[in-house]
Each structure stands twice: as structure tokens, then as C-alpha cells.
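Heads up: the structure comes next, in C-alpha cells.
Chains here go by letter, A, B, C and D, matching the order in which they are written, and residues are numbered from 1 within each.
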């Protein structure tokens, strides 16, 4: 029972959403619309689960004085402060403390973390792009052409060549043909994988995500 | 006030960059800070933007006798369903009723699995097939005239290499190899021109043929039901060639985006914080 | 250890340092290389250029989060400037929970530059969660999803929103996103409603969008900072996008030089190994 | 879509033009301009059909026609089309609306479901109307099927049929060949090496939500990996970016440890929710890699830009890395920075392959033959295009 009922629910809702795509009748589409909202709300409600786990892990670390427990205090304290500011004094309004903390702590930290990629992409390129084999050389040549063709410098270097072999043209051609063909292949293959998996979920064949076999 | 906040932002930025040298207390501090800040942020945002307006307001305000607040245009009590489903997620802390939490997951995963299937079929399979076929039919091809000659020669040279030279000629026969490649490129290209002239649909674009061969090769690479030997193996190899060119190209294409981010941060440090540039 | 082996086993922190220096220099010594406009950008520009002034609004969905700000904010600024310069009405919304402040900031900045009036020339709907549901819902009636604007004013009281019911009354939607939101617009606005959709995405995502562009599911596409720079070129207002392109040129060149040096070192060291091996046997 | 807009504009133009017309009427014989007394040519091919939209309430009828010969050609003086509607088989015409010159379609959004209507259209040149052409009857209904999506339905059913057939075959014990997926053994090797070195295994299930099919495929693989780590008592760290994924991962790992008879080795502190924020998550995982020094990093699931941040840091920390994702844009980075990468569909195939459950293989075989069918369809479309551009299949395949 404990397993059958959830699987039956999965089946019914899955089929209903699947059918919604083909049935334009407003009764179906409005109910499907409604159910989509449920999903977002369930996800929003789950956030406490995550935060609870975060608190537990860091709390254990502090209590057992494990290495780096001081930093755990930072995490828990700043979370509490952020939450306290966010609750009573408004969230995203311009000028609220919550907004200030968001704009001046979360934004710079996240975007700086993201920008580390500029360095990593250079080191990865340096390390990986070697003419070791035929395939590796294709990777390298395509990368170099596109890298040059993307920037004004590439345009500048080949400005007097015939249009057909100027770097920006070549770049566009590589992106539009070999790249597109390859990615379309991956896209189609992956789409079939998604559909097969979706069918398995709806039919209850795939159920590892529910956990607990019993 | 602004300067203080900007300075905090700048110091945190520098703390993250210190990671490039090595892991250090500044980075650890920044890392733990950002985890805490974002946890608090999402807690607040999820509550005030999702739960409060969509569950609490419709359910409780109505009971207090206020004007009914619609739940996306539906009866207020509909809001109870996701509310209850959300609460069910927490039954996992009570082992005896933990299984009830699966209902919430079942609704969510089942719904989205069903929702995803048909649009994926339409947008990722049918539309892509159609677009590929359209290109082959030469309906639209901005590059056809520009790159056709060059690409045509290259394609036929590669085909000649793969089919004739690689299999039949010894390692040292350089002159023979070059001759075969040149001759087959010329003959192949001439044949292509004849084909174009007799076809009733106008110019068959070679670049578009690349799309077909590439798609065919890539799909073959992802064909799991047979061993990749013989002709199938050859096609799969063509697929790998396309995949590698594609990966190289998108790697190169991405560099720009990543540098953009760094430019954004450097601009923040030099302009917003230090006012060194305008 | 030969020089080639040294080069091959170089501490990657030297590469990091080189990148850091290379990105900073153009801020002080601009190169000013010209930007060439590519067809996907041109077609998006044309689609915006064709919009009727003071008529049905452009719906701009500013769906980016802070992380992709440097690439996508120049796009919002360029598109908003373009619209406001042509007196095209603009309605802005966001599908990303962190996008609210960023969308508002870009909109207000551009509106102030062009002396536009809230409600008469532009409106801000704010944020609604549930990406696909929001997009689909707006196809039936925008008011179901956004009963009021971001400031709580009912849509019917906003002059430019009067008579705007669903996608039938919106000539063009542009989504600027660093995640799958732009794709969602294709799936849930173009596919079911045939709503014309344009997109601005990060350079890395642009690759994924070529198939949609090619299949006619997208009107036009801005890819990364370069896309923004091209758009700036088209509206003749060079700004953040254009400035960034110089740094881009320098770093791209640097990475290519690094790859070449790495390969030369690789071949030299392999040759040496081969010849010493030969001597030993 | 631009229809209504054009209709509004036309109305505006007519409104503005009215005073001029009036002025002309007031002074009929002083101008040399002859009044246009020739009515424009009438429209042809008028059709009125029940319009099917995504939330169909049966209140929309789509009217379309071929332009008047004087619209943009001939005399070129058509300014608009007037539309009428009748509930009474062509009598009692009520004015319905106006479509601008050049328009050949109008959407009546005010129909009462279930009522029979006739529609009439006439071209207007500013002074006179053409003959009214009518069509009907037509009834607006809330439809139960979207005909334009028939192809999607058919192909989907064909696909499902193949999947289910192969699943049935597998259940009956038919020997379904599936070739080895390169890189799959790498997962087991990586875990094995971590065990030898006495260091933990890091398993990142991506940052997708649980509704993402990649995440679900990843959880299936996680269950397999957890069984191996349980067997060897190697710590398994699973950082997640979504609370629901965390709780699902907890279930999966706990379950795997129980199945291997090692429920006590399961450490709940190792299944961690870090942050919903993408780069806060990436930063924290980087911290785990440097401080807890896992010897094997497995990245399987939906990844966005954090892919290279993780893979480069992991490389620098000296771990064996295996990645798998169907995110096309991130594959190049995993391919360059990891030891093995499961590309696209291989991720889904891997989850079926690893479980060795015959039922799951059905999906894989079904996908394979769907690929063959897709290619055949495309080839057919292209060949028919070159043979006969007018054929029905070509028209269907290349339009919409």
C-alpha cells in the first residue's frame, strides 16, 4: 500500500499532464495549470528541509569542535542575520537591510565565484588542448578558430581576406554546421532518453527516487 | 554608507580570488559566508514569494472574513492541496509515517514527468528533424555560396582519405596519398556540381549535407543496440569527429562568456570601488 | 629538466596571473577595435525596430541572476534604450527570484535616461514563481498570473496595459536569461501560442540556441557580451559591451598563445624522449 | 497576433480619414478628383473554422479569406475588410469587426459555444464595399483534441509502443544486446581506487531539481555507487543544491547501505544540502574537495556553469573524475577536464545499464529504434522533396 498509492498517484497525474498537451479543452488546461502551481509550492515548502540539514551538519561540527568549526559559526550566524532582516523589514525593496546584504554580499560573492571560470578555462585549455590524437587536434583547431573569430581581433586580422574565409565567417559556419549537427544529435538522443525515463516514471518502473524498496 | 558596503563587496571579491593562489582562511570565510547568506536569502524569498501569497493568504485571510484572494484564479481552498503536500515532505522525520512523504514527491515528479514528455518530443525531436530536413532541402542557407567551394573540396578530400588512402596505401607512399586525395577531391566536387545541375530543386548545399552527415553520425554514436564495427563503426567515428569539432567550438565560444564575468568583477573593483577609471 | 618539460609542468598559477594582468590592461589602454554585427543580432534588432511606437508593448523578461549580470545587463540596457529612443512601450517582468532588483535597476536607469513615464511608457510586473506555468498562464490571460504590477497597482489601471490581454496583444517577447528561462519561452510561448520570441543569453548558452534560431523558433539572438556590443553598435551607443570587447581580444590571444606554446613544448619533449629512447636501445 | 493590432490601427486610420471624406462631400463639384464609384473586387475562398487554442472554451472562430484583387494590386485601393456575423443562416448580419488591408485572417473571440454562425466579409475602399461573401455554418466548441499535434501524438505512441514491446521482451527473458558504454566501468574503477587510498568518494548529483530527468537518472546511479561504497565501507559524500534532491538522496543511500547489510556505516552528515545558490554551492563543493580530499569525484546529473569550477578544482586536488550529463553546453568542459565523461543519452543509458534490470533496458532499445525511425523520416522528407515538392507529406513535413 505504502508504495502502490504513491505510484498510482504518479501514474494518474503523469498521464493527466501528458494528455493536457493534446487536449485543448479549457477544463483540462485550467486544471493542469493549477497542478503546475502545486509543484512550485511543494518545492518552496521544501526549503526548510535543506536549511534544517545545513544547520544540523554545521551544528554537529561546532559541537564536536571539528576542524574549521569556527567557519560553521559564520555560516549559521549570517544565515540568522539574513533571515531576521528579511522577515520583518521587507525583502526586495530598495534600501532594505536585506536588499543591501543581498546586493553587497551575495551578489559579489556569487559573481566572483563564477568569474573564477575565466582563470580555470585558460588552465583547462592549456592542459587539455594538445595534439595527441586526430580527435584531440579537431578539438583544438575548432577551439582556436572560434576563439579568434569571436573577438574583434580576429575580424581585424583577416579583414583583407575573402569574405568566405574570414575568421568570423568561419566561426559562424562551424557553429552553424558541424557544431549544430553534433548538438542536434545529442539533443535528440537525450530527448529520447528523457521520454523513455518519463514513461518509466509514469508507469512506476523507475522508482529509485522514492527510496525505500519496502 | 555606500562606500562601506562597496568595500565589503570588494574585500569579499578579493577573498574569493585568493583561492587561485591556494585555499586560505579568507576564502574559507567567504565560502561559509556565501552559503549562510544564500540559505537565509532563499528561506525568506521562498516564504514571502511562494508560500505566503499562494498558501497562507488565500487560506487564512479568507477565514478571517476578508475579501477572498484568488489562488491563480481558482477557489481559495485549492491552495490547501499544495500546502498539505508541502507539509507531507516533513513526515520523513517521523519514521512511522515517513512513507507519507512519498505522496508529495509522487505528485511532483509524476506531474513533471508527464508535462515534459510531449514538448520534448515536439521541440527536440520533431522540430529538429524538420529543421535539419529543411536545411538539406536548401530552403535557407546563408553560407551556401560563400563556403561551398572550399568546404566541398575539404569534404571530398576527407572522404577520399578515409575510404581509399587510409585503407589501401602504405605508410610511406606520400606522393600516392596526395595524388589520390587531390584527384578524388576534384572528381568528387565535379560530381557534386553535376548533381546540382540535374537536381530539380536548385543548388544542393554542401554545408547542409554536413548537417545530415553529422546528425547521422552522432545518432549512430548513441546507438547502443549494435557493436560499433564495420560501416556502423565508420559512421560512429564520423559522429565522434563531429562531436569533437562541436566540443572544441563551444569551448572556444565559451571563453568569451567567462572572460566577460571577470571583466565585470575587475570593472567593479576598479570603477565602483576604487574609482580608478570612468 | 629541459625547458619544454618545465613549460609542460608549469604551475597553473602563472597562467592565472597572466590572465589577471591581461584583463586589466585594456581598462587603462583601450584598443577600440570595431565590432562586426552578426545576423542573429541584426534580426533581433530589426524585430525591435519594427515595433510601432506608443502601441502594443514589447514584453522584456529580465530573467538573469547576479551571476550573469556582466553579460546580460548590457543587453537589457541596449534593448531598453533602443525601445525608449523609438518611443516603444515596454513591459518588464522576471522569472528569476533574484532577478527582481536587477530588472528594476536596469529599467529605471534606462527610463530615466530617456525621460520615460511609468505607466505611460513602461511598466514593471515583478516576479512570479513557476517558470513554465507563468509563461503558459500569460497566454490565456496575463491578469491570471500578474493581477497587479510589482507595486500592487492593478493592471487595468496602468495605461499601457489596458487592452493587453494575452500574447495576441504583445508583438514580441524578449527573454534575457542565464538559465533555461529563455528556452522555456520557446517551449511554452512560441510552441503553443506562436508568440514571437527573441532571446539574449550568455555566450556559452548561445550554442544551445542555434538550433532554435535555425528552426525559426526564435526571432533573433544575442550571445554574451559580444551580442551586447553588437547591439550597442547598432543603436550607436557604445557602453559596457563595447569596452569589454578589447579585454576579450587580448585574453583570447593570450590563451591561443598559451595553447601553441604548450603544443610546441609537447612535441619537443616527445621528440627528445623518442631520441633518448632510441639511443638506449 | 498582429491581427488585432492592425485592426486597431485601421480603425484609427479610418477615424482620421473620416473628416477628410466629409470635407470632400461638402464641396462635391469644385474638385477635379472624380469620386471612386467602382467597388473593389470581392474576397474569395472564405472559410470559417472553429479555432483551437490551448485553453479552448469554444468561443473562438477563425475566419480567413484570400485578399480582394484590389488589395495591394489591381486598383490597390482596399483599405480594410468588414466582417459580419449572423446567427440566422445568412440573414440578420451583425457587424463583427474590421481587418486591415493585407490581412487575410480574423479571430472572432466573442462566439457563444454551441451556436451556429455564418460569417460574411467584404472589402472596403474608403467609399464603397465589395459584394459580401459568406461562409458557414460553423459552431464553436471546446475541443477535445489539438489536431496540429497529431504528429507528436502518433510519434509518441509509436515510441512508447517500442519501449513497452522491448520491456515485455526483456521480461520474458529475450536476450537484448546493449553494447558496453565506454566510461561506465570508470565509475567502478574510481570508487575502487578511493577505497585503496582510504579516501572518500564525492558524488555530485548536479544542481537540477528532482523534476529534472537527469537528476532522477543520477539518483539511480547513486544507488549503485552507494552499494559499492557500502560494501567497501568507503565514505560517500553527496553534496546537493536542492532540498528535495537531498532528501531523495538520503533515502537512496540509506537504502543502499541497508541492502548491503551495513546500515550502521551510513553517515547522515555526509548527505548535505549546501545551497540553492549555484555558486555558493560550487564554492562549498570546492571546499569539500580541498579539505576532505576525496579520491574519486563523480559528477552525474544536470550541471550548468559550475561544471568547470568543480572539474578543475578536482583535477588540481588530484582526484579521478568521472562526469555524466546531458547538458550540451557543459559537455566540452567535462570532456576536457575529467577522465571519463558519459555524454548525453549515455547518462540515461548508464542508469539502465548499471541496474541490469531487464525492464529498464526496454527504454534504451526503444530509444535506439526511434533514432532509426527518425532518420528514416528525415530521409523520406528530403527525398520526397526532391522528387515532388507538391506532395502531401512534404507539405506536412515542411510546414507548421
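Methods note: a contact is a pair of C-beta atoms (placed from the backbone, for glycine too) under 8 Å apart; a residue touches a chain by one contact, two chains touch by 3 or more.
Note that the structure is predicted; figures quoted are calculated from it, not measured.
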Interface with more contacting C-beta pairs, comparing A-C to B-C: A-C
Most centrally placed chain - per-chain CA mean versus overall CA mean: B
Distance-maximising chain from chain C - centres being C-alpha averages: D
Centre-of-Cα separation between chain D and chain A, whole angstrom: 17
Gap in Å, rounded to a whole number, between the CA centres of chain D and chain C: 21
Chain A, residues touching no fewer than two other chains: 21-22, 29-30, 33, 36-37, 39-40, 42-44, 46-51, 54, 68, 102-103, 106-107, 109-111, 113-114, 116-119, 121-123, 125, 127, 129, 139-140, 143-144, 147, 150-151, 172, 175-176, 179-180, 183-184, 186-190, 192, 194-195, 197-199, 201, 209-212
Residues within chain B bordering two or more other chains: 16, 19-20, 28, 30-31, 34-35, 37-39, 41-42, 45-46, 49-50, 72-73, 89, 105, 108-109, 111-113, 115-119, 121-122, 125, 128-130, 132, 134, 212, 215, 219, 222, 243, 246-251, 253-256, 258-259, 261-262, 264-265
Shared interface positions of chain C, touching two or more other chains: 12, 16, 19, 23, 39, 65, 67-70, 98, 129, 132, 136-137, 140, 202-204, 207-208, 211, 214, 226, 248, 251-252, 255
Residues on chain B engaged by chain D in the complex (per definition of touch): 16, 19, 23, 27-28, 30-31, 34-35, 37-39, 41-42, 89, 92, 101, 105, 108-109, 111-113, 116-118, 121-122, 125-126, 129-130, 132-134, 136-137, 139, 199-201, 212, 215-216, 219, 222-228, 243, 246-248, 250-251, 254
Chain C-facing residues of chain A, complex: 29, 33, 36-37, 39-40, 44, 92, 94, 99, 102-103, 106-107, 110-111, 113-114, 118-119, 121-123, 125-127, 129-131, 140, 143-144, 147-148, 150-156, 168, 172, 175-176, 179-180, 183-184, 187
Complex contact set, residues of chain C against chain D: 12, 52, 55-56, 65, 67, 136, 139-140, 167-171, 179, 192-196, 202, 204-205, 207-208
Residue ranges of chain D in contact with chain C within the complex: 1-5, 9, 53-55, 107, 278-279, 304-305, 316, 328-329
Interfacial residue positions of chain C with respect to chain A in the complex: 12, 15-16, 18-20, 23, 33-36, 38-39, 65-70, 98, 100-101, 104, 129-130, 132-133, 136-137, 140, 203, 207-208, 210-211, 214, 226, 245-246, 248-256, 258-259, 262-263, 266-267
